[in-house]
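Here come two complexes built around chain A, the first alongside chain B, the second alongside chain C.
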Partner chain A sequence: MPAGTLYRGREGMWSWVAHRVTGVLIFFFLFAHVLDTALVRVSPEAYDQTIDIYKNPVVNIMEYGLVGAILFHALNGLRIIAVDFWEKGPRYQKQMFWAVCGTWVVLMLGSFYWVLEHTLRQIFGS
Partner chain B sequence: MSSTIENAPKIYGGGPSIEAPRSKRSPRSTKTNFELYSWLFMRLSGILLVVLVLGHLIIQLVIDGGVSRIGFAFVAGRWASPFWQTWDLIMLWLAELHGVNGLRTIINDYAERDQSRFWLKTLLYASALIVLFTGTLVIFTFDPNIGQ
Partner chain C sequence: MTAVIEETPSAPAAKPARDHTPVVITLRIRRYLPDLVGPNGEPAVPFWQDFQVEADPTERILTAMHKIKGEQDGSLTFRRSCAHGICGSDAMRINGRNRLACKTLVKDLDVTKPITIEAIKGLEVEKDLVVDMDPFFQSFKDVMPFLITSGNEPTRERLQSPEDRERFDDTTKCILCACCTTSCPVFWTDGQYFGPAAIVNAHRFIFDSRDEGAEQRLEILNEKEGVWRCRTTFNCTDACPRGIEVTKAIQEVKRALIFRRV
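The block that comes next holds the complex of A and B.
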């Protein structure tokens, strides 16, 4: 066991780290997102100009990253609830972590085209 | 082994702390059940947010052209319905409170000086007030004819 740390790595620690990192990312996005939506109170033009930023290819790819962060936080959050409330949860926490990762990969592959459709059409035409 | 004790993490005052086993309970920790309710809130709001946020993502980013069709007219169409206004209002409050409580925990974990904790939390709660006030105001006072 390495000195100077209470943690031993593996699924339990890394899921906890990823849960924190994705949570902080989502929190900062929410702050920006409420303010950009508030522009509907200013004028339709101000809102549409700002929302055009979301349609930029680079920002569109960041949206795909946001979807990834939210999906991981949601799936791992359900795992945490299972660990806390299901009597066999702690025993199966590792298996549930890999189930979270597997479901995450499937959902990310499944949403790839739909989330990035706008950018794919811009790059490859219609 | 004395080296184990020397390497033990230092405990700083101010935030929630874990007491040594079988130590006398400090009166402070038994005053309220705030941390218990905060723990329960994270789980209950989390379940609701899975439905609310994933539904929001599917509508905004996946179906029917995704982000391509979002604009003022799209927002006006959705907020014409009290159902989506209520959806967005509940999602706003639950997501912000869930996020603030998460960030509060993170500040308690990593900000070691009392001064840093105080200022980081002040900033956090101020940002939450701005987000909740602005968001709620916008949902309730949205005017589809503002440009005319």
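The block that comes next holds the complex of A and C.
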């Protein structure tokens, strides 16, 4: 039977969804990362070639996305640890979620230039 | 000397007058009529049906549904019993969230848009808003929701300090409406999971100083489909019409298992 409408969860449910999505994204990154790093053992030249392919704005923006995914997963992971082990964690989970979001925004703004410097210079000139 | 009597006793000004102007609301109800099979025997399919009904803003959704059943379509099927938020019969998904129809007021919803009403999720729909509650009550029975003691029964009542009673006060409020269990994303995909309601009722006895069955219950909840399936999405806590901190109770059971301390 079709499920009908989407369940309208609150902070808790959507943080769980975001945690899963970022977790899967990080898994796919690690999958590719292990493969490209393993190339060093095959031949250093093949490794250098692969890394050269990565040096373009699209991959750079994906790197920024990776920073975002890892930051959210890490910060929300701390929130989950608090929910699990801190007696008052379940009561303050919403506040902790918004703290995670706030910290995430600050760190994303802070890392914007440092991660995307190369692409920014390429697009807007140095 | 004559007493001065105010001619018009002033009404308490602090209370704003309630607006009792009737509004026309649209209830968009997810219908499923199992007898409605196709001409070639195709199984019945669920569908949305809109009903327009006049309601006082202070009325409950359940009242509007009664009006529909009484005046517009007698085939509309839903459970309700006490209609006062105690029996836990009329749990349904109203505007995407699990609630009791008898505790949801029209004024608390956006009446400019149709109000969607669906059966609770994760249990098999039998007709319209009626679901098969058997798996839900089986999980409840599996955690042994009754006092377990050993030795001779005392001649008088079993005494307990107010502090010991307070320990599990929150989880005594459960009315078994299934709002929590059917709001849980884990339960939707894994019907074997005990679910928040069963864990809440286990918590009520695990942390009761008079009970001696805590170890047995903890062992049951330590199994694969027990508390460890909880992903702390807090949908259960948000949905509980009794305001029980369900996720907190589940976390307490988890910690009791980790640290082996009740």
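What we mean here is this: the second predicted complex is superposed on the first by the 117 of 126 C-alpha atoms of A that agree within 3 Å, B and C clash if a C-alpha of one lies under 4 Å from a C-alpha of the other, contacts with A are read in each partner's own complex, and residues count from 1 in each chain.
Simple rule for what comes next: contacts are C-beta pairs under 8 Å (C-beta built on N, C-alpha and C of every residue); 3 or more make two chains touch, one makes a residue touch a chain.
All values reported here derive from a predicted model rather than from experimental measurement.
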| item | value |
| --- | --- |
| Broader residue contact with chain A after superposition on the shared chain, chain B or chain C | B |
| Partner chain in contact with A:K55 - chain B first, chain C second, else both or neither | first |
| Chain B versus chain C as contact partner of A:V83, first or second or both or neither | second |
| Contacts of A:M13 with chain B and chain C, given as first, second, both or neither | second |
| Partner chain(s) touched by A:R91 [first = chain B, second = chain C, both, neither] | second |
| Intersection of the chain A residues that touch chain B with those that touch chain C | 3-4, 6, 80, 84-85 |
| Touch list for chain A against partner chain B, complex | 3-4, 6, 20, 23-24, 26-27, 30-31, 34-35, 37-38, 40-41, 43-45, 47-48, 51, 54-55, 60, 63, 67, 70, 74, 77-78, 80-81, 84-85, 111, 114-115, 117-118, 121 |
| Of chain C, residues touching chain A in the complex | 30, 32, 46, 93, 95-97, 116, 118-119, 121, 125, 183, 185, 231-235, 237-238, 245, 247-248, 251, 254-255 |
| In the complex, chain B residues that touch chain A | 7, 9, 43, 46-47, 49-50, 53-54, 57, 61-63, 65-68, 70-73, 75-76, 92, 95-96, 99-100, 102-103, 106, 127, 131, 134-135, 137-138, 141-143, 146-147 |
| Contacting residues of chain A [partner chain C, same complex] | 1-13, 16, 80, 83-85, 89-91, 93 |
